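Order of writing sets the labels: A, B and C. Residues in every chain begin at 1.
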Amino acid sequence: MRLVDRASWQRVPMVLRHGVPAVAGLGIMLLVSQGLSEYRNTQLATIAMYVCAVAGLTILTGLSGQISLGNGAFMFVGAYTVALLLEHHVTTSNGVLALFLVVAVLVAAFAGALVGVAAARLRGPYLAGITLALAVGLPVLPKYSHLQSSLGGHAGISVNAPAPPGDMNYFRWQAWLCLIAAAITLFLLANLSSSRVGRAFRAVRDDEIAASLAGLPVARVQVLAFVVSAACAGLAGGLFGILSLTVLPDLFSLTLSLALLAAAVFGGLGTLSGAVYGSVIITLLPFWSSDLARALSLPDKVQHNLPQAVYGVGLILGMLLFPLGIHGLVRRVGQLGRNTLRTKPANN
Amino acid sequence: MLTLDDVVTTYGAVRALDGVSLNVAEGQITAVLGANGAGKTTLLRTVNGLVRPSSGSIRFDDHDLVVAPVESIVTFGIAHVPEGRGVITELTVEENLRLGALWRSDRRRTTDEGLDSVYEMFPPIAERRGKAADTLSGGERQMLAIGRALMSRPRLLLLDEPSLGLAPRITAQIMATLRRLSSEEGITVVLVEQNARSALSVADTAVVLNLGRVVAAGPANDLAGDEQLRHAYLGF
Amino acid sequence: MTFLNLVIYGIANGTLYAAVALALVLIWRSTRIVNFAQGGMLMITTFIAWDLVVKHGANYWVGLVVAVLAGFVLGAVTERLLVRPVENGPPLNPVIVTLGLLLLLQAVAGMIWGNGLDSFAPQFSLHYYNVGDQVILFSPDYLFIVIAVLVVLGALYLLFQRSPLGLRMRASAFNPEVARLLGVRVGRMLTLGWGLAAMVGALAGVLIAGTQPDYMNPNAFDPLLIFGFTAAIIGGLDSPVGAVAGGVTVGVVQQLLDNYVSNDIDAFYVFMILLIVLMVRPNGLFSRTAVRRV
């Protein structure tokens, strides 16, 4: 019964196969956001914003096998692009804002291509190291004395986003904006992942030499994966700027980049559903830990550092105990459930 | 001295050793022959503990080699000359040799004696004692690997394909050295070889493996004279 | 004179980067892993020394020795508990584990000592030497730093090149299987290697903390890790001598750029240096062999 379902499902054109869940999911989330408080809508917006970045990273690391510790830097590029555009072209139109977000994606993709060209020649620790240096090195640029006037230095620049259309609630508008962006990102990445390009990513990850013997342009494929992940991070960065109201260098710390990696690992590298789980965790973790710290009346400095400690422990335990992440866990539980369902009639 | 009884070693679904029994007598050279993939290298790796058998027993004197840690094998008096030379190319010739005696508590004394006798036995590597081992030729690397094994003063020497890739003249030299070690120093030798002709020329007894099983065993002369066996398994 | 002063100051600072690079190289050589947690390890051990010396009034040297010993323990325990299980897996796994440890150590330091700014005064004066009426950008503290790093280098050289233990450690790093057949307890050598490396890192941590006021903060040591990593890459990751050369190079280039361009964006320089080096030589400037493909 299931097999038939799956086979006929696979005959459905890919655009529909991924488009239907994306639209349905988006619709449900938009409805959900109607019933949420302003506070919850902000959290929802943050989750959706992270989904964009983490989904790009999980494609890069999980599918094409390249690691990036520097996607926070591409978020920095996207955020400053949107902030600068809004500063120089004040707008009240949400359409123009969407256009600016597209520009942020393009600029970040271009930055990703520059780094990707260098990165494609690098392996393992070299790649990890250069992207780590990127994460730390790029966001300090606004502090450069000659750029301070245009990029705002330590204090950063405020993001003058247009008002919500009509009489829409400001926080719900933020949530909608981020949810739409996340749905588009997931839809495009799902198509990419099951397309020829996605297969090329996997082939390069599994065996570079075999892939190049099979005629795949390995370096180009790797640069492309880097560009895709940078573009996603750029979109997330633009949204991050809008949510934060101000962009400043310290927002884009090494911890941000590592939190993205943590989210991808928590969720399960290479899986888009995992990117969603991971984003939920890194968004809510600070809230949970401050609730916990308040409940246990822990000192401020403990409370303040608890989320990061959990990231750290999560990354370590994730690698040692659950290399497939939450996605793998969910799937295993699902399989267990199906197996028991399937074996029951046989026993009778 | 070394006794294997019904040893089975598997790699996943493949039975690389499929019930091998073997008795290596003290003071003799035992050749283990067979084609590629017959299980020769697996046999040595099972003896020294790099691979653990799924069943069967391996004993060396009173030691149970099935459970003994790899690091302790050399202390029992077993020295291993690995396949593909196995010298550590980043170290110098002399450092490679010193490593051989490093486990001994009396190494201060034995190292100097050992170095002298190895250099005497293999003059080509004596000239290059301070050079990195990756500057050596194939034959010199084999000499170095044997010399390093001798530094531990073994009673049993295990060699994995020492003739691989060497010129016939060098192979003959190596085989002559083994013969001398056996007759003059009383060292027991297990010689794993694909080159059956050279191995049989120095061995006392021989065992032929095929697909993980012993298909023939006996005095080296008898095996060398068995034309059918030679054609079927030994290729000469 | 300015130029010469910058070079002197750059070399002095560079010896600290060299020490961190050395810590990374020692671990890379033995386990083919870059220890991204090194920055966190040396931060924790420096805080331990600071806690003893500044908060509890212990002697500076006691603090230094305790930090270095704590470094050894931390390095060895890390190898045993966290690195051993992922050592032979995909190369991505140890990267993620050591990054996780970095985050954890920073969080723990913040929980214990807070995220403020504290000073850890050095044992020797930070006042620059004068030659005639010329100021030389070199102080007794930096003299001590250079000597300490040179002594460590010399000790490591003797250990690795001249002692049986060092021979065992090198054999384990280069060919673990052959080393085991020769009776070397390879696992123990790897643990020891991580411990030694973390000791070198711990020394660098205490030394750099004294060079600037308000240095003590859990995140303040991140740049040291990045600078050290860059130095190690320039040196080819495999060579201790290369690591030192790389450290001094990074130190000098940093001072020159700070002076002639701008001193606000050190981290960006490092990224550019690394990018350029890796574009020219993907395996580092001083590397002899290509990265081994297994």
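Throughout what follows, a residue touches a chain if its C-beta (ideal position, glycine included) is under 8 Å from a C-beta of that chain, and two chains touch if they have at least 3 such contacts.
Given the structure is predicted, the values throughout are model-derived calculations rather than measurements.
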Practice item. Set subunit C aside and report the joined-up groups of chains, separated by bars, or one piece if nothing splits. Key: A | B
Exercise for review: Average the CA atoms of each chain to get its centre, and name the chain whose centre is farthest from that of subunit B.
Suggested key: A
Study note, to complete from the structure: If you tally C-beta contacts across B-C and across A-C, the winner is A-C
Practice item. Could you name the chain whose Cα mean is nearest to the mean of all protein Cα atoms here? Key: C
Check your understanding: Whole-Å distance, subunit A centre to subunit B centre, using C-alpha means?
Key -> 56
Revision key, fill the gap. Cα centroid separation, subunit B vs subunit C, in Å, comes to 43
Revision key, fill the gap. Taking each chain's centre as the mean of its CA atoms, subunit A sits from subunit C at a distance in Å of 32
Check your understanding: In their complex, what parts of subunit C are in touch with subunit A?
Key -> 28, 33-34, 36, 82, 85-86, 89, 91-93, 95-97, 99-108, 110-115, 219, 222-223, 226, 229-230, 233, 237, 262, 264-272, 274-275, 278-279, 282-283, 291
Review point. For subunit B, which residues count as touching subunit C in their complex?
Key: 48, 50, 70-75, 80, 82, 86-91, 95, 98-100, 102-103, 107, 148, 152
Exercise for review: Would you tell me which residues of subunit A are touching subunit C in their complex?
Suggested key: 61, 65, 67, 69, 115, 118, 121-126, 128-130, 132-134, 136-138, 140-141, 143-146, 253-255, 258, 261-262, 265, 301-302, 304-306, 308-309, 311-316, 318-320, 323
**Study point:** Partner subunit B, residues of subunit C touching it in the complex
**Key:** 164, 167-168, 170-171, 174-175, 177-186
